[in-house]
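A short write-up of the structure that comes next.
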């Protein structure tokens, strides 16, 4: 220790704050700035979508967009080519998106839920340690692979079995894309539901088993009903990701905007149209290009709403049993 | 005067090409060879459709704008004006050959034999009622509704959208060709050109004609899957997929290489690309690329582009175009 | 009132006869329990009399809950738990191979430390047992069973006007009585209770204690409790566990006034535990 | 005395059967899902394995003085030499149409290959040499036995004539199959037999590099701020909600963002890995932030207390102790995020990374595609031979994904600490 | 030997002078602590003498740790914690606005219940404090400081040959001594210890207790302990807390032999707590 002996000055604070220097302030600035990037990105998304969307709605009335039932986003090559009128009614795209997402959820919900129930309630640690990562792998496979597989294997299979059975099934049937997408979101549903099922307190299971219910009865009548809100949340999240999925539908769904609910027909989706509109013609002011941004904004708003609701439900559910 | 933008870190050293999906396979093939056989980098080619390509092309001068655009229909005056308004005064037009437009379906299905009139009646928005001067919205749902000899199948045609050069050529040659077989319509041409054009070239929008994007490959795949549907696209795509698809006979003529080259097949059009002269000498390799294209090894009778389905021009025409290319003679409309 | 197949009625009757016969209703013989390597109970021998309340007492971790959960084989749920010895109910060793735990638990109900009503309506909570065991077939019968169970659990007056409201909406004490009603709705012979009052306030505790005393008329009750006062209040017999051993067992009065074992005495006087 | 608690006695068989069925249905679901995975990957791998072999044709080629000027070897028209060799080998093919088919047996690159060969082996000039040349995709498919010869000629692309030519080559032992290195060393090509994944792989690499360099530091800083410094208040809550929501925004929306902001507003180069990487970085950011926060949370408070107790400032505590301990966890999160970014396609389509790009990009400003985009492009290509290329490219992509995930698992294992 | 800027040297010296002056080294005046709504300490007044060991004892949850952590403001880390009153060290209220907790903690070190060495080498563990406070500038000086600290902590002989090995590799007792060495390496005036032996076995405990006694020569030590025996062994003064109140405070002998307050007596005789 120091050998200093100096006068003790009354009133001087020995622990006075020393200037922390520029360094600390700079570090904090960087940290805060980086956290704000998340906000910036959101703002950036909204901005980049909104400006173009507003310009789009200057050309196409918003009501025509939201409630029009005819989608044909074509503007002619030049004035002297007589093109189609260029209709921007998003309803067929929305129904198409919903149809495919619905099919996907029809696949993913039973598969995902049943897997989750099995893994959470019945599987031994061995099965779990083996099946879980494999299921997760389904989510890790890029969607372009699903798209390829759907277009190359699933769609012809459905078409062939359809024609064998005497049905006329389009090769871009909503069904093919929906199945591939359904499989892709299975792990999303199963891992979220697994979480949810695990957070149902053991005391409820004990109560049911103590009454002489079998394990399956307990799961069906007590655990699952108790987990319903959480499961609903996870299904919403999965739906949102199905709605936003792009590559599968680009590769396996159609481009034609049919307003139909028949899963054997070709429909197109919001994401397919965005890709088609923007990978073809790239002028930056025609209604055609701008409509892609309007669709993007629509997609963003819908998925955002679904996510916010879903996260609320899931968090609320988890708090309930904490 | 060239005002090169300095926004990017360094000047672009590869040629950038945009435009028609029909020309895409030809230009990529040339580009690929060009990249291999010379020290220049392989040009970067994006398929954007003829219209989209011209829009990008005409957006301005500078390295952020493409140097060349492919077109499956000749540039229109309005587009030249558009270019000019952005400072692009000198455009070199290069005609590279011909392409037939075919109406094809899967080999699983029967071969179709149609006339241009059938095609127009099947796809027009409005068709004559039978009384001269009167039209009605297209009532035909089945091919056999048009003529009993045609197959009793639903009319379902997958075709390119209006931004595509194939669509423009199809409307101009096939549709209009079928349309003017009605005498009163032909007379309309001189009396009311606008009405004539819109009657002849407007394609129905009730679902029988399905606009299938710029990507002809996709149409091909879709036809393979749905045997009742027909597709409209360039001959080269049919050629590439002759194992799966067959082209309908139009007016009794099959869409085959020789028939198209000889002009017997009624629906064929010229293919082009356009070069921004201001970029020549700035972006390295443009002249050499042009030379590689305008070369009998490529576009000649036995050139490698014929393998890709390009139908070559006659020898004289070729040498005329080659001379334009060599001189970089600008287009004048 | 029951509407089962004749056969299963006969079976039921058999069990009941067996259970109604004289002598102990439950006999534990040399019961040892292991959690993995660790032994939690050592050769416990203990008989339970019909229509009596037996308290299990002892310091924390002495194995009370473990023993209680052996009686309806709830320990089966713990992967690492292993039970040795025999527990005989209705002349049957419940750890024999062909015993179906589902059937066993229909006869040996359980009430837990923390009230755990299902997140369903009050009615459905009580009706759950009869429904899964299909002991009741019509809506009327079910109404009757629910009402009777709630009445026995002393809850009827408080909830009869809101049977369709969720069970979690009740107060803690009401919830615990609902759980008791749920347990007795399937008419078990034995009801096991693991510290049923430890999550309740004193007033609710008093109500439940009173209820236990009433239930004794119809059911045999085994209760784990931390509170010696409670044991003294509600039970006729008391068993004292220590470090996994059954130290002493006898009439409650005797255990509390005149314990035979030093450990019991130390525990009762507060010197250990 | 019978056992009153036995299954039969209590009439429980039905309920136990129901239980078994319930369990089985769960198991079935898992088996279905995993079965699909295995089937999909298996069938793609099976198809893709074909792309690993390529066919060659042996021709005796006349490199005499009249064809190749020994003093100026490069000037010769190798295209003509190759075609002459083919004509010589099959003198019976005379008409123009058939000739085209004959020439079509060899890859368009055969002439270039020959030229290269001659330049490398000048000794062959002046005589006749037997040289192996690359077969075209059609011949390759035929040699692999994938042409349905039983079909009517008009229904297949490989005509009877071509089959005859090919069979004759096979009989003379003038064909061979060998490992296809081109697939790994070439860029994209219009010719399936020449197409390779190198340029897209490098494009992916550059994109991921940019993505990592941007998103990792940023994500880590954001996580550190939110976890270690931010007070629980409206602002931090808002940021948190934002991050959670960004994680679920469809990837294509990020593509739109990149198109509108990076390309159209800032004028960054189209099709470049720089822009691709930036878009992917924004997409990956939430994943990295969430994983990094979890890693920071796993560092026990005792470490923080120890440092603070000695008088380290909060920044010192964080950067000397907490962040280094959380680093492996953060890296794991980043790798998982990168793996996702590697498979991402849709946003890259929006920013022009779909062009035909044959050259291997040399930097982040060059035009490039990415591996999944290449897959998308090939999946759309008309030539049949691209089907196996696509499948093979998918397998390569999956291999990289598995490797990255393995790395993450290993990292997690190695640095997993039980505090 | 130190190599600071003249100014900061002067500051250091000032603090030391203040700390070296006669009278209590720490004075707590009316210290109350709230966790959110809940008050955990009530108006505690307590002075600590230089070079003495003071024990804080009391039943669990009585606020011992809370009070200890007020002295070097570790409670600042708990968002919901609020401190009222004054704690005066070197004539300075450490809760005054312009006090820098970092400077404060350099003078008031702390050792925690669970040994918490950094996952670094033993050397770096000890050197960390001097390094961040820049009290040492050369490698030689650092070596000297590390050696001296480890010697004072009675760990030198055991670890001198493996200074570069990770601190977590040591046994629990060694780890705790390493933490003590780390705390004293920056030469604080006061060392706070929160149950430093509760995670150690009896032998390690004995070693640490001995060490505490030795450290008293140079440092003022405040120790929280659950063990009255330990308090009696190591401390000269003892303060007894109960339910957030400082009940009694005085010489250890007196507190243990002749407590003034009933609660203290009850606690010491084992009747509460």
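Brief remarks on what is shown
Per-chain numbering from 1; labels A, B, C, D and E assigned in written order.
We adopt the following convention: a residue touches a chain if its C-beta (ideal position, glycine included) is under 8 Å from a C-beta of that chain, and two chains touch if they have at least 3 such contacts.
Predicted model only: the values in this text are computed from it and were never measured.
Removing chain B from consideration leaves the other chains joined as one piece by touching. Under the contact definition, chain A and chain E share the contacting chains D.
The chains that touch both chain D and chain E are A. Distances between chain centres, each the mean of the C-alpha atoms, put B farthest from chain C. Among the chains, the centre nearest to the mean of all shown protein C-alpha atoms is found for A. Between the interfaces B-D and C-D, more contacting C-beta pairs are found at B-D.
Separation between the centroids of chain A and chain D, computed from CA atoms only, is 23 Å.
One simple way to say how far apart two chains are is to compare their mean CA positions; for chain A and chain C this gives 48 Å.
Centroids built from CA atoms put chain C at 85 Å from chain B. With centres defined as mean CA coordinates, chain E is found 51 Å away from chain C.
Multi-chain contact residues of chain A (touching two or more other chains) are listed as 151, 214, 217, 279. Contact of a single residue of chain C with at least two other chains is seen at positions 102-104, 106, 132. Each of the following residues of chain B touches two or more other chains: 218, 221.
The complete set of chain-chain contacts reads A-B, A-C, A-D, A-E, B-D, C-D, D-E.
If you check the complex, the residues on chain A that touch chain B are 70, 72, 74-85, 87, 151, 155-156, 159, 168, 170-172, 254-256, 258, 276, 279-283, 288. Residue ranges on chain A touching chain D, taken from their complex, read 20, 24, 27-28, 30-39, 41-42, 44-45, 47-49, 51-52, 110-115, 117-119, 121-122, 131, 134-135, 137-138, 140-149, 151-153, 183, 186-187, 190, 214-217, 219-220, 237, 240-241, 243-247, 250-251, 271, 274-275, 278-279, 284, 292-293, 296, 299-300, 303-304, 307-308, 311. Chain contact summary for the complex, chain D toward chain E: residues 231-232, 300, 302-313, 316, 320-321, 325, 417.
Residues of chain C that touch chain A in their complex: 72, 74, 77, 102-106, 109-110, 112, 114, 116-120, 128-129, 132-133, 179, 182-183, 186. Contact residues of chain B toward chain A in the complex are 48-52, 55-56, 59, 73, 76, 78-79, 161-165, 167-168, 171, 197-198, 201-203, 205, 207, 210-214, 218, 221-222, 224-226, 228.
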